[in-house]
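Heads up, the next two complexes both have chain A, just with different partners, chain B and then chain C.
Now for the complex of A and B:
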């Protein structure tokens, strides 16, 4: 209701402008700037003028293709096999380096391959490292979002009981959240080291059965180790959000269900969970956005290695935009990241919409 | 029967506390290890990891790691930089964001709804997606200071402060809070002839303790723990904050004991602050989840 008393364009703009102006300049402008830069060849410092290059940056990042390679045959058309009986294949390079028959594969590299019959299917991409970073980031999100969300809910239910001293436990579970992720990463680097605390604890608990391993140095375990640590650090944050959701559920509903003789599981299924619907959407979206932003852990713990097994989209954006001063390349990755985050939160909202 | 059920209840209570405590151990053991190790010489630190001694202040306990850490790097300067940047950003942020929110919540003006929608829309833009274009922008921004006109904000305090003052979440939190304040109060003050500035400073701000605490805590955590942004805009040691300094410190091939000392110096004050204001910290995180 517009009232004369509270209508004032001058005061309205006057109060809003300092804060809004900063927000516009440092969030809105760079956001649109990213789209613009991704269409150019801008570098941080360059003697050459910036040029418009259209979608070239996107093509360089995203070009991917499956190459079917037939095994080598001898003159009689028999497949040549190596000592183990495996067919031998021509090298991928012979297709992707200056081969006039396959201009579409020019400059691409092998990402991975599988076999179908005697043929080899090889996935080739112009920018294999980017695709790996995309895969790693998705794997991170796909594991961390549900696991962390569920663990946080479990903790919230545990903390939501009426017990003496429960607030102390709540305070402890939340503690890692206020510790910087950089501190946590460095600390866990020591825990994960070959002679580190984790291996020693596992050795003691298994009475020496477990042999220590270099968690961060092994491509098979590095990303998993970072996932576990990230969940440890952030789960308290989401526990608190679940808790505030739990506390909005009316106690009379619980009383009713206990009068009806509902079991614990039934109470959770039919009273608690429906009451948490909005909280669930929020928690999932927040975790997903945080997980896509994965950077500090990587920068401090592994630098993307070993063998690019922990490199992530943000890490690549920074490495190119800042490390190699390739602003346009970094911006292109940023735009792709934003589009992914946006579509995933839209999908999550759609799937969990009110029916 | 009664005896059995009360026994059961006692047992269940013990079980509950056991579970709660085991989980608590998972959350604190790395931090206890960090603090304890910071007092131990490296050799002992490594040896202790194979037993419970890793979590106890036993053996050769001293402050040597702390002295060595300060000798190796200007840790004091890094802490000063972080405190300065964090403090100023929190102050400016509370001031400007509450002013903007005041205008959004209480005043009617042309463009208000569009601007507010823009503010809300920024909530879905992760900082990581604008860091690189922002880096280019700040490298070319002009500045007029005591030394006169200059171009480029890299390697300054202002590049760490000014872009972080206004953000969608802080403004949004203030707007939510202000909407729950009685509007009669504002209109009554208007009738009595108070200016908008007086209403803001004398009526609304004195009622805003809780939201100021929430916004301050959230901003404090974000700013003190900054990593990505100062990493790419600050190369000079003079302006380096603690988290970026930590990375450099680590690369000096430092002994683990010294690293633990550095980690303890920059973490324990925050943890102490948190434990004292525990309720306020948790309430502020919870309030980010009130509205989806």
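Now for the complex of A and C:
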């Protein structure tokens, strides 16, 4: 079919080629590589030939079940309780290791459990670390996407004013964006250290009441600390996107609403926010994708620890592929992440579509 | 309904003064048009009345109350913008009711006022559409509807028809005129289009460089312009200006001539002249009549004949490179290249002491 794209457009294609070529080489080809490798047992260096294994990698990664364990009873059928009155349960291992009655749980390990009546419900998975990384990543996205988006909008509204020296503030807010995330992570590791700046400030502000803690060394605070730092680091970038959206709104709309007597909030509600619709969709999708790709901060600050409390999907992909030389495992994680991000983006597009 | 009074109004941006002491009165129910070339300050003046621009000095009163420092919403005005300024994400109904929504009016009141405005503007069938589904004229109608719902003392229009095409502009112009008759409210209307000014206004205020050149009824300005600027600004095609020498100053008139103009007595209307000075004679193209060489006062050569149907516009070159335009009755044909002679009634001519 002869179209403008194909006929006598050699120069156009010539100009597009370097870009297309690089995109293909570093994004399209690796993606298909990852997909095919995820169906094999390829290792980084291995004397054994690569074999096609079908969906086995996916099965290993995604297998998850809920195991109901009844408490141990004595011969009379009475529940055996420990010193605190809690029922005692048989060890999970007894179900998941060489138990011919439960072949479906073979090789699985406990992720977490809860109690329903006297029974214990135990979530077991073949690859608990992967599930933890998935949970951490989702928690990260759920907090970072709305908070970072809202903070960025707030900053954009603040600096979208005609004030003397406003460009200085724009530069200050944007500065963390241009600093390498690795450098930022290193610096914040010092801030979060036990003898670090954050603890010192909190101690001073609380007149010594605050004892200080190892923010990155505590499973309860490590992920939160990384969330805070990540929000701070990229908020300037999204602020600039919001700002460009704000500046596309016609000033006469603001004048019209001021003549009608709209308050600041009403102006935002009826003029600014509707005018930012498309920008909001963009910011939301970009933040979500970036948050799913969380890696550098983890690699520099915690290596996924303590107790896997900060491990993430991308970190696991890299850790598997190169750390453990399990290329097929890493590829499988990448493909799963791709599918998750794709479906979330499609859902977001659908929910925010033009009606 | 209200009177608007501007006294020595000034506006400066830093050291640059753009409005240089303006006095204007708008009477109850009067339609006043600010007209002038771009950059004359007419829009700035309107925005100062609206409260969108600060007033540097002077007093603005609406209904006898000083308005200088009040919020736009407290001044009892409504404004219609050139770019319509209707909210793209709201339906026509929501747009028209916007002010009521802001002020948390009840549902019944909203419905009633919107219906009333829609009836006046004949746009009941548009109420549930979105602005993107409307033509330019319909959008402007929505903006006017939003103004009507406010029930203002003064309507302000900032070049409301400039974004419309020529045919639509005429329709909307008539509609605004009719709206003024129906509502009887005071209206201030800014335009650079003299046809809008002439047709709509009870009073025209001609502005130039931040100063009022002349204010008065349209026909007064047309027939009795105070100065060269007003004389040249109103009327189409615009008035011919001839540089002439004053030969004699008489009680009621001055005798003037130039190389293309035979000596003629023109009423000076109280303006003072001295013998020998250079002055400017103004005569509208419509008041020139072709004649023979003997009785003609103006002599030149036809360059171009443009037949517009209702009238024929003749470009004439006079001696010393001066040009003249004559608008003649439709059946008059003068061939390009031939000599042309015109006569005119001196009472329809104007003489100004200044030169351009």
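The rule is short, and it goes like this: the second predicted complex is superposed on the first by the 336 of 355 C-alpha atoms of A that agree within 3 Å, B and C clash if a C-alpha of one lies under 4 Å from a C-alpha of the other, contacts with A are read in each partner's own complex, and residues count from 1 in each chain.
Going forward, contacts are C-beta pairs under 8 Å (C-beta built on N, C-alpha and C of every residue); 3 or more make two chains touch, one makes a residue touch a chain.
Remember, predicted model here, so these are calculated numbers, not experimental data.
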Which superposed partner A:271 touches (first chain B, second chain C, both, neither): second
Partner chain in contact with A:250 - chain B first, chain C second, else both or neither: second
Contacts of A:259 with chain B and chain C, given as first, second, both or neither: second
Of chain C and chain B, partner touching more chain A residues: B
Which superposed partner A:71 touches (first chain B, second chain C, both, neither): neither
Partner chain(s) touched by A:318 [first = chain B, second = chain C, both, neither]: first
First (chain B), second (chain C), both or neither touched by A:304: neither
Contacts of A:296 with chain B and chain C, given as first, second, both or neither: first
Chain B versus chain C as contact partner of A:149, first or second or both or neither: neither
Touching residues on chain A, where the partner in the complex is chain B: 2-3, 5-9, 11-24, 26-31, 33-34, 37, 42, 44, 155, 158, 161, 163, 166-167, 169-184, 186-188, 190-191, 195-197, 200, 203-204, 232, 236-237, 240-241, 243-245, 278-279, 281-283, 285-286, 289, 292-293, 295-296, 299-300, 314, 317-318, 321-322, 327, 330-331, 334-335, 337-338, 341-342, 345
Parts of chain B lying in touch with chain A, wherever the complex brings them together: 13, 16-17, 19-21, 23-24, 26-28, 30-31, 33-34, 46, 49-51, 54, 96-97, 99-104, 106-112, 115, 118-119, 122, 124-137, 139, 162-168, 171, 186-187, 190-191, 196, 200, 221, 224-225, 227-228, 231-232, 243, 246-247, 250, 256, 259, 263, 266-267, 270-271, 274-275, 278, 281-282, 285-290, 292
Interface residues, chain A side, partner chain C - complex: 250, 252-253, 255-263, 266, 270-271, 274-275, 277
Touch list for chain C against partner chain A, complex: 50-52, 71-74, 77-79, 81, 83, 85-90, 98-99, 101-103, 146, 150
